[in-house]
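Note that subunit A is present in both complexes that follow, paired respectively with subunit B and with subunit C.
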Partner chain A sequence: MIDYDYKKPESLKEVFSLLKEYGPKATLIAGGTDVMVKIRNTKKAPEVLISLRGLKDLRYIRKNNGYHIGALTTHRMLEQSDLVQTELSALHDGASEVGSVQIRNVATVGGNICNAAPSADTSGPLLALDATVVLEGPEGRRSVPIADFFTGTYRTVRKADEVLIEFQIPAETESFGSAYWKHSRRKAMELPLLGISVALKLSENKEISDARISLTVAAPTPIRAYKAEEFLKGKPLDDDVLREAGKIASSRDCCSLRDSLRCAAWYREKIIQVFVPRMARLAAERIRN
Partner chain B sequence: MSEYLYVGKSIPRTIETDKVTGRAIYIDDLKRPGMLYGKILYSKYAHAKIKNIDKSKAEKLPGVRAILTGYDIPDVRVGFIKDQTVLKKDVVRQFRDEVAAVAAISPEIAEEALGLIKVEYEVLPTVFDPVEAMKEGAPLVHEVDARGRPLKSNILPLPWKFYAGDIETGRKASAYTVKDSVSTTWVNQCCMGPSGCVAEFDMNNNLTLYDQTNVIHLGKQRIMEYFAQIGLKGKKVRVVNAIVGGSFGTKLDTDIYEFICMQLALKTRKPVKILFSREEEFFALPPRQPAIFDIEQGCDKEGRLTFRKCEALLDNGAYTSWGATTPSVMMMPMSSLYRVPNVSFEATCVYTNNIYCQAMRGYGNPQANFAVETSMDTLAEEAGIDPAEFRLINRNQSGDETPQRLKITSCGLEECINSVKEKLDWDKKKKDKKKARGVGMASLIHVAGGARVYMSDGHGIMIKVDQNGCVDVFESGTDQGQGSPTVISQIVAEALGFKPEDISLTMGDTGLSLWDAGTHASRHTFMAGNAAIRCCEKVKKQILDMAVQYMPKLIKGGFKRKKRKDPDFVQPDLDYSLISNPEDMDIRDRMVFPKSDPDHPYFKMDVREIVRSGLHVGVGDSRVVVAEEFYDPPTEMLDREMKGNLSMTYAFGTTGVEVEVDEETGEVTILKLIAAHDVGKAINPTLLLGQVYGAVYTGVGYGLTEEIKVVNGRVMNPNFRDYKMLTAKDVIPITPVVVEPGDEAGPFGAKGIGEPGLVPTAPAIANAIYDAIGVRITDLPITPEKILTALNDKQ
Partner chain C sequence: MKKVSVSFTLNGDPVTAEVPVTWSLLKTLREYFELNGAKKGCGVGECGACTVIVDGDAVSSCLYPIPEIEGRSVTTIEGIASAEGELHPLQKAFIENNGVQCGYCTSGMLMSAKSLLDQNPDPTEDEIRTSIAGNFCRCTGYIQIVEAIGMAAETIK
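After this line comes the complex of A and B, so read on.
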């Protein structure tokens, strides 16, 4: 019988003391859409699940000297936020594509990132939006750029006694347009075969002044395609340039594509080459004013 | 005929409120006192000798009540050609081989016990490719046959052969010929409710099996045969359906888990439930039969088909269920879809160490239709004829007798093809072709008036009317979610002259029904409907006999009461001869009336008043209103040459698709899908469309996304995450067209429509993709990878 104890603390302080009490026997759970699936699949549960759902003040989307998104914000909240849709479009794309409405109603963005699946739908957008992850532990807070957050498949720099509390996205993102493409075989209840996010900014003469490209399912962790980003800077937004950026992004310089039962590596490579340009175009269209 | 009151109306489903509110009792919900839970241990190898099974540790686990292996139960062979035992004790031949079974007080304990059973295997050589399996020297999946005679080959002793006319004559008459190879793969039926049953014996070893089968009487027959061999000869068997969450072919065979469940119940003397997990549903339940076809067709200068020659190879898997019989249905489209005088069809089934297959919606028709209809397109192109025109030239027509001797009594194919053309704007789209966009179509023929595959293709029904005017219908079929309780209620209400809400249906219980061959082959509405109409005539006669006897008394009694209240009331002078002969009377919408004057002010009476007055009237005169009817249509079994008119009527239909292909990613978008079906007559249009929509979705999945990935015999994607069944969000813009020519043999003109919507969908998509981008994908499903590869090869 799969059995576990369930705690629902009301404050971070309580969370820390429970984490201290149970140590490795405890697992944090937010929406539960990853944790519960894992318990069912492995038929093994931790001794205690510490729910973060009591931390009601960690559900928010704010714009105030940059963007602040509480870790317990659900995918559905991101999907339904006008602010996210217009100013953090890639994140809106990603959040709206997760599972189904029922799943998005409970699944949290913090959970999506802490689970650290190479395919996580919000990870690519947050990378492209250059988000910072705010962690809090008994010793206090620290900030980690999301590009440094993932250390491996299902592994992150978060320490066992830390809780992810917030994502911060720099204020300058306001002048970027962004887009995320989840490549999959159907339109719901899907994992991406590949995820491509592009955020970019254009100069007055319509050159790409800054660009960030991120890929999911293209390596053991969600990654940035730095070489392709570098290539784009200062170049005009035209087909040849974008095609070349797609090629660079799909090359071994940026990612390590794998054959799997779900998809062949050659097809993943092709999808990067097709969708880096398409998402760049869409991102450019979405630049406001 | 007068206008129907209930037939042809979209009356809401009757019993579904319980389903959507969670009250309906599925096997999952069913609990019997003292019930135990059974679980099955499957093989770890695709082919291996079992050297030893050690269950001692598992037996000690608290809560375990029984552990069975092949050594604990009689060594009896079961299945279509008796090529397997219930539990395997010597050799396993596929990953889903059942090696041991546990009954315990909870599913979790049963599961834990499985992990404690130690099985030692010695791995044997395997063969997974049916072509390889046919070669000399290939590892033998079975060493001996059912009678213990040694086998030399993996080829099954089931040589499916159909010949009509002469292929060489046809070839000589051909101006154009084409040759194609196509293949289809395994797909799962994806029932919402997973498989399961509860077996319960009484103290005399009589069995009640709560089950999901759609062939209750045949299922009972198989169990009786099994019982005769395990020392339970003569024991009574009752098969009762729980609420069934979908069938789509999965409930046609009596599956191994059902026999295991009975054995566990027998051993423990307790009711035992086995309920599949979704994973088991994918790897331990036989899916649709895959097939490889080599097809050749020819036509003359005018585009008339001259011959069709096809060879099929079927990967039978390790054992034989209904999958191996799908060629018997493949023969129908092969011989009879479009007019083709010379036909040759041969199918070979080959054992491999893969999973084995059974029935799925359409049986072998979707596979064979994919071969025929993609070949129709290549031949049309070769002949330089528009594919729609080509199909019209060769269309089946009312009055035809096909090379298989199918008698086409009514045929709406021409209308179906033409409405697809019109709704797709076919001619314009063909003329002004847009880049990467294309249109395609495919048609089908299917049995729609029963399918005589057993000596009796009949349906028995019993109808009673009680003193309250409640109508109880005991019919012999099953409801697996298709809406039959609603449809049959409509038919009974119409035929008997009652309202649908007066009708209660009892289905799916061998103890409360006569014979029925099964709720399969799109036959239930046709069979049960015809039986119901005939039965209603008998019941109506009994009611009208009573009406003649009691109506004058009731009317006169009414006058007397009126007279007492109102002394001035003058009793009208009525011609009681109008209601003196039952032949001159009728019932409609609960009212009994004389046919010659339906709105007679005095002679129109609520039928409930008549049954209330006429049924319980003292010694000697009391009676019951009840009748039974057995409808067994005058159809033919297929003869030795596989010919014969096995169905009373045939359904036709055409699916047309417009697609757009993303040539960079290989993705296909369906812009429009027209599903035109000759349904005879729609008894309940909403439910009929439900059948069409559902079947089309499954057909699109078959064409584009669905595939059980079997690698070296193992199912690699046993879940809905990796098995790509389409979701509600993958909206397919379906435009249904209901063609209603009416069929004389059908109940109120109806034909069966359960399967047709699926059949031509995949080839229509394949043909549209070819039209769009000029590459033909011949292997289902048509994935973006296959499209990109083909586009690459073309350049």
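After this line comes the complex of A and C, so read on.
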């Protein structure tokens, strides 16, 4: 029989004291769309659920010396934000693709990242946007680049007594365009077979001055395709260049594709080769003047 | 089994329920309040049969932990007709447009559609489709449902 205590702290201080009191017996819950599903599916529950929904001041999207997104911001808030749509387009693409409206209304971006599924739709965009994860624990705050945040499937560097507070995206992102492609078999209520995000910036003579490419479901964690990014820098935005970047991104130098129940490795390789160029083109179109 | 007492607004009326803390909003609606309009389908937030409106937003009530409902306002299919019993324009449009076959998905569809029209009275077809993308219907093929929602939007305007 499943049973648990459900705590509803209203401040971070209370969260930390509950975490200290219950230690490994406790699990943090935000929107609950992963935690509740896991309890249903495994028929096992932690002794204590500590809800973060009472931390109302962690729901925000702000632009002020870079971009700041509170950990409890829902996917629906990201989907409905003009700022996210125009300036952090890849994140808008990703957040709008999570589950259904019913899920997006409650599921939080902090939860999506802390759950650390290899297929999380906001992880690739946040990687391509070079986000930093801000964690707070009893000893204070620390910042971790999101590229270092994931340590394995469903595993992160967050310690048991830490809470994810916000995502920070650098101010220079303003001059980038970005895009995310969720490759799946149907249009809604799906997990990606593969996710591809590209963020890039063009110089005045239309060369690629900076580029970031991320892949989800291409390795045990969401990853950056650094070698493909390096290849793009200083090159013109043309078909041959983009095709080569796709090849590099799909190679063993960048990812570790595997066969799974959902699709085969060779297919994932082709999808990267097709969609890295397409997302690069879309990202370039989205650069604002 | 640990219990929790929650007070909230249900279809306009203040209510209090004392139920096991592990119960979802869906289970509380069906088994405590005996409101059986919201259906259990998958139980993991994928099918939309359990959709209700919480503080204006459509949510999957099967995943909504009951302690979180404290102080909130919940609307279910039982609460959308007028007090005199006149059906909501969406309900009428579903009937007129044959948007119902077996009926299992219908209350969830209606709640998703109501939340959409409450927030966006003049939706595009794309917006209508997005609003019900999380509501599975295995009978109608969706066409009549999408048309019915569009028809209801016209009526309400």
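Please note the rule applied: the second predicted complex is superposed on the first by the 289 of 289 C-alpha atoms of A that agree within 3 Å, B and C clash if a C-alpha of one lies under 4 Å from a C-alpha of the other, contacts with A are read in each partner's own complex, and residues count from 1 in each chain.
Operating definition for what follows: a contact is a pair of C-beta atoms (placed from the backbone, for glycine too) under 8 Å apart; a residue touches a chain by one contact, two chains touch by 3 or more.
Everything numeric in this text was worked out from a predicted model, so none of it was measured.
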Touching partner for A:L191 - first (subunit B), second (subunit C), both, neither: first
Touching partner for A:R262 - first (subunit B), second (subunit C), both, neither: first
Partner chain(s) touched by A:I2 [first = subunit B, second = subunit C, both, neither]: both
Broader residue contact with subunit A after superposition on the shared chain, subunit B or subunit C: C
Touching partner for A:V274 - first (subunit B), second (subunit C), both, neither: first
Partner chain(s) touched by A:L127 [first = subunit B, second = subunit C, both, neither]: neither
Touching partner for A:I29 - first (subunit B), second (subunit C), both, neither: second
Contacts of A:Q102 with subunit B and subunit C, given as first, second, both or neither: second
Shared contact residues on subunit A - subunit B and subunit C: 1-2, 100, 187-189
Residues of subunit C that touch subunit A when the two form their complex: 1-2, 4, 20-22, 24, 43-46, 48, 51, 57-60, 63-65, 67-68, 70, 112, 115-116, 130-131, 133-136
Footprint of subunit C on subunit A - complex, ascending: 1-6, 8, 29, 32-33, 36-37, 40-41, 45, 49, 51, 53, 76, 99-103, 105-106, 187-189
In the complex, subunit B residues that touch subunit A: 106, 108-109, 111, 664-665, 705, 709, 711, 716-717, 720-722, 724, 726-730, 783-785, 788
Subunit B contact footprint on subunit A (complex, rising order): 1-2, 43, 100, 183, 185-191, 261-264, 267, 270-271, 274
